[in-house]
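Both complexes shown next keep chain A, but they swap its partner, so chain B is in the first and chain C is in the second.
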Partner chain A sequence: MIDWQALVSALHILQGSYSAWLLTIPGIALGMLGGAIPGVSSALILAIVLPLTLWMSLLSALIFMTAIYTGAAFGVAIPAILMGVPGSPAAVATSFDGYPMTQRGEHNLALGLALAASTLGHMGAYLILFLGIGWISHAVLKLGPLEMLLLMLWGLSLIAVLRGRYVSRSLLSGLIGILIATIGLSPRDVIRGTFDIPELLDGVPVVSAMIGLFAASELFNLAGTSYLVQRSDLRKVNIGEIARGMLTALHHPIVILRGLVIGATIGGLPGVGAAVCNLVSYAETRRGDKHPETFGKGNPKGVIAAEAGNASSEAGSMATLLALGIPGGASSAVMLAALSLHDVTSGPQFLDQSKDIVYAIILNNFVQGAIMLVLGLGLIGLMANVIRIPVRILIPVILVLATFGSYSFSGNMAGPIAMVIFGFVGWLMQRHDYSVPACVVGLILGGKVEGALLQTYQISGGGQISYFLGRPIAIVLFLALLFSLFSRPIMQWWRQRRAEAVAQDGAVKSA
Partner chain B sequence: MARVRNTNTLKSRPIARRSFLGLLAGAASASQWRARTALAAAWPTDPITIVVSTKAGGGFDLMARNLAPALSKELGVPVNVLDKEGGAMVLGTKYFLSQPHDGNTLLVSGPAPYWYADINKFHAGFDLKDFDIMNIQWADKTGVFVPIGSKVKSFKEIIDAIRTRPGEVSCGVVRDSGEFFNAGILMDTLKKPLSTIRLVTYESSAPLRTAVAGGQLDFGMVSLEASLNMLTLIRPIALFNGSRIPDLPDTPTVNEVLKDDGLSAEFVPSSMRAVITYADLKDKHPDQYERLRGAYEKVLRDPEFQEKAKKAGIGAEWIGPDKSMAVIKSTYAIFDRYKSLLNE
Partner chain C sequence: MPGMPSERQGSLDWEHTLFLAIVAAFLAWYLSDATLASPTFSNLILIAPVGAVAVGLLIYVAVAEFVGGSTDATSETSAHATGDPSRYRGTSFGSIALLMLFFALFVAVIPYAGFDIATFVFMVATLWLLGERRVIFTLTLSLGIAAGISVAAMTLMTFPMPMGIARAIWRAF
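After this line comes the complex of A and B, so read on.
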């Protein structure tokens, strides 16, 4: 559990390293601003500042980088809420309810919710990390391909429930998303659907396609209107409302807790990370709610669940990075590079010998949460002003920013080209009531699900049931997945049958 | 290889200026303009670009970035590194081929095993004969790893388990890697079909090592040197190499283990990281070719560079163009025999 001696030593280190503290604030601000530009990922910002960290001590470097990570995790929520354009796959679920809230003129409230949920998710997950970094990292190791497959299927099950007027069209959009995700080299090394274009060997650039789908479907839709928020009396930035949103988030501790447990445990899985956390947290909150039908139409709990899920995934990936030396995603891969530039190899040995540094990072991250609250309040107060910008100016600005963002993501023209093509596809889908979010969920998870499915098939000796039965975590996850998918329809069917039986009884009696 | 230092030095000491220069080729090389000598008055006059066909941060990229400042000093012009990842190394390699064949562009890529799949399976549109492999600078070996807590003590036990429990032992490899082929060669040597083991394929080595560490697999075959920093989580029980290595004196080679059964096999290297130029450069611009080759060889023969590379855990061997091409051709000959594996 807690190593008190290391903790005291960590406090001493933090007390003595003012430079590390000085870097915290610009780090968070940089992360937030970068994250707020669609397509600019925390990994990209981290890669840009990587050379700077060479001039810092190891602790300062790590604190600076986690500060950027922290800021970016919240920054991506801002365009997701205000414009329905998530800046990265980590904020996809945030847009599901955040954007409808903006359209209703509740943008202040939604931003407040997101900020509070992000902060609490971040701090809570680091608290879990503080109590049991070794335990978390080993829990992650226990999850094999089968468990990952089940977790991703959980996220994928969202396809069936995402907003859209017709269930069948939503399912079809989800399938289209999955199909698009299969373009390129398959996990079995079969080339599919590339039409001999070498740039497609790695598949469609997912982030660029996602931005295109969302940006075009939401923004083109607005082209006929004058402002993001229709009612002029609601079109203002109101700090009081933002604060009210922050308080509202506090009224849903279970939603936040659920999000941060999901984030802290599966956030560190290599290749899973924040992109899956926010979807699973959202799906699980929606399932557990009494009124699931209100999700996707501006339910505050949807925003809280998504933000708590993605903000806490940072702690999860730091756990595997520091305790095991395994990067969970692109951002922690850059941090791993920073560690090696400082001649440090993270892993169990590092955790043993430098526990004070690990504690210092964790303690600093608690404070980062508080700083983010203040900085975030200022930033969203500023950013929320986009609702006062006429749409005819806003759309071109966002599209230009998104184009640059998608270029920076792919490093070549494949990104912007994909963005434009999928922009058109998104516009068509929106026009004909095919759910764009369902398609994006399929696009993000499709490739990952296929990889996990293939590995599960291979590792179980061609799908032998004995493998599944020997894995208790998988059995629990499977049952939970079944429950999540079928409990409600079965209950409904049961109630209906009961009601019919009662009615028949009544009919029989009266006869 | 365990590079965890005393924590006291970690906290206070910023990184040394020298290692900064060593790692940031682009920035460092700008100042080398002045260092031009009379020799360099002819060629080169323009900056040289090393194209890397993988993502920044991996072994290939690290090798190129380590080489760039030293090469820049030798040639008197800036040497920049450009990462062009994607399509199983196809995109970066094709980009390199599309540049003018004048010596101003070099390539760091993996002619074996990765190009083999590119050429024979993905119809990448290039061939080995398009290139001059100047030097295989860094060839890693295949290691056989089990989780640290595994009951398995030796590779012999694994082989026995494969024989006595067909279809039950799981083995992880990165698809199309040297390990992938070595798994096939091993099964062939044991005279068992590949389906006797549960071969689980991964897209890169990091998730594979995680899976071995978590006990998801009975054993994993993965590049050895890059795994040495994970020895607290995974344990090497054998290596596919001609001889034991100094870092792991107690770990036997696979052929040592197979010898008990009177078996022996010819295995392939794990991953070859090579510096490459165009096949036609030698004829078209012989001076440029010689200048590049000479400068590169001189860098690798410099003891100071050797020491720095060793510290950074980067291979820095000089075997030259002729031997490099010969090694690759003999490796391809082995691959040809196991070509059917590509469709597994």
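After this line comes the complex of A and C, so read on.
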């Protein structure tokens, strides 16, 4: 479904738009640097630069903003890998294997993996967008709250995977996370668990709580140690190792492909966002792997899957933004504001009449991927030096930056206060083998699941099964979810039974 | 041992018991608050089933704790999920408690002292607590971070952040 005339026109536009090209590099660099600060989201950076776009052409403005978006999608992975502090919920799953790799002294490798997966995921997803923007936007319109609910449940099923030593404690952590996520004003305007504090009406600040659970609790535990990586010979920044990590990512094309398909499709769903793509991609790679028990202990495939899923979600959200005029998340909502500043209303009409602009943005994003590779290599070469800084210096600096990020995200003291409380809770959870990541997954998805569940209940006329049966995509998603959850345990059980039967037969024959 | 998840065979782990009590209190309070706010199906569509399973799991964990050791411990342990206990060896409980206290105080005084002054004092105190004894280095780093944060807050943020003296200095220049 490529419109060749529009494509040629897009190439001409890009050829004459020097300013758009000049803005690409600072945009990516700004996004990467901002994303590397815990709590500073791409939406915040975009909101800060939004007034600047008034002085730019429409194409330059959109390219500058997508460049920031692209850079931030990778930037959030850097603290997740080096310090176990996800820069945003979109990098939560990246920290699961990235940080254990750093602790083993494999930080160079992990950063290389993340950069390559992020770049390939980004470029691959934009290729999907290029080939089928019309089809993607059409498909997104077919998806209702039931389908979104099923996708979120897919993400939520990760709670069962992220178990620690005690299955019951990890499940309890996930459920507590879900309950905490429902605090505040409900979708039916009921106020729950706010203690009459106005700041809690919007719910517990999820990003701040996540930073507290992951970062603050980890930093508390690090007090008394000297460096993030204990062995001095492993505390080196090695560009060769980073490059080796990038090449290693190429050895796992299926993991990248799975991540980018998940990101490009799920990322397009309004309100779902990069965090779900990151988690679902990670969960599916872990479930499909022959050695799922190695995940969470520094398996490179975990980093690749998480980053491919996260980076590719941008293309999905751009598809719904440009083709339908629906923002997929906070970042694309700011981009929608940029479009309106230029008196442009995105949607089917925009896609029809300005396809050359859309193609120009997509083509520029291919180049953004290549630029990110070069800039990212330089940036992670610098950022990886974090592991050479003594922990006694790192702890206060990170805590201050995270507090600043929390405040800037929430806009009031609710963010920093949530960070302190959840930092203490996370530390207690770690001490008693309660899974912190499971709690974070519940926290990120709980509120969204409740909204989608309630909408589905209302639309289906009170949970009528005929509504479900009349939605083929939902049935396919439901079956895929069941297959994803139960195929491996059933196969294992069947193989075990067969092995036992064969052993019994052998024993009978020998007798 | 402080700083380490303890094995709980035979004797009661009071710290874990206290943690379970906090979880139980949260569940009791939140489930009752949500029900009192609106006992309708639509309000409790997610909270009721999740809460019921959570209560069941809490009872299971508590019984396992009091009877003696959880029965569902697996060898398939994710390092990220549990925190590798070996990482916490050598970490003094006193240091952790003081660090938490300093951090809580830092956040508590921000609305009164401002981000700039609170950051400077927190940086100096925490660096000293964690063993940094170079005075010039400590003061320079703390001042640098406080100044950097203040400038970023005053130039980039679209809403005002609490500041002590930084805004006045900024205006003077």
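Everything below uses one rule, namely that the second predicted complex is superposed on the first by the 497 of 511 C-alpha atoms of A that agree within 3 Å, B and C clash if a C-alpha of one lies under 4 Å from a C-alpha of the other, contacts with A are read in each partner's own complex, and residues count from 1 in each chain.
Throughout what follows, contacts are C-beta pairs under 8 Å (C-beta built on N, C-alpha and C of every residue); 3 or more make two chains touch, one makes a residue touch a chain.
Every value quoted in this text rests on a predicted model; they were computed, and no experiment measured them.
Of the two partner chains, both chain B and chain C are touched by A:L454. Of the two partner chains placed by the overlay, only chain C lies in contact with A:Q430; chain B stays clear of it. When both complexes are overlaid on chain A, the residue A:A29 reaches neither chain B nor chain C.
When the two structures are aligned on the shared chain, A:R165 is found in touch with chain C, with no touch to chain B.
The partner of chain A that touches more of its residues, comparing chain B with chain C, is C. In the superposition on chain A, contact is made by A:I191 with both chain B and chain C. After overlaying the two complexes on the shared chain, residue contacts for A:A47 are found with chain B and with chain C alike. By the touch criterion stated above, A:A333 is placed in contact with chain B alone, chain C being left untouched.
Overlap of the chain B and chain C interfaces on chain A: residues 47, 188, 191, 411, 454, 458.
For chain A in complex with chain B, the touching residues are 13, 17, 47, 51, 54-59, 140-145, 185, 187-189, 191, 198-199, 201-202, 270-271, 324-327, 333-334, 336-337, 340-345, 347-350, 353-354, 356-357, 411, 451, 454-455, 458-461. Interface residues of chain B, counted against chain A in their complex, comprise 2-5, 7, 10-15, 19-20, 23-24, 27, 56-57, 83-84, 86-88, 90-91, 94, 117, 121-122, 124-125, 167-168, 170, 175-176, 198-203, 206-207, 209-211, 213-217, 229-230, 232-233, 342. Of all residues in chain C, those touching chain A in their complex are 3-5, 13, 15-16, 19, 23, 26-27, 29-30, 33-34, 37-38, 40, 42-43, 45-47, 50-51, 53-54, 57-58, 60-61, 64, 70, 72-74, 76-84, 87-88, 90-92, 95-96, 99-100, 103-104, 106-107, 110-111, 115, 119, 122-123, 126-127, 130-132, 141, 145, 149, 152-153, 156-159, 161. Those residues of chain A that touch chain C in the complex are listed here as 47-48, 84, 95-97, 99-100, 103, 162-172, 175-176, 178-179, 182-183, 186, 188, 190-193, 216, 219-225, 293, 295-298, 391-393, 395-397, 399-401, 403-404, 407-408, 411, 413, 416-417, 419-420, 423-424, 427-428, 430-433, 435-438, 446, 449-450, 453-454, 457-458.
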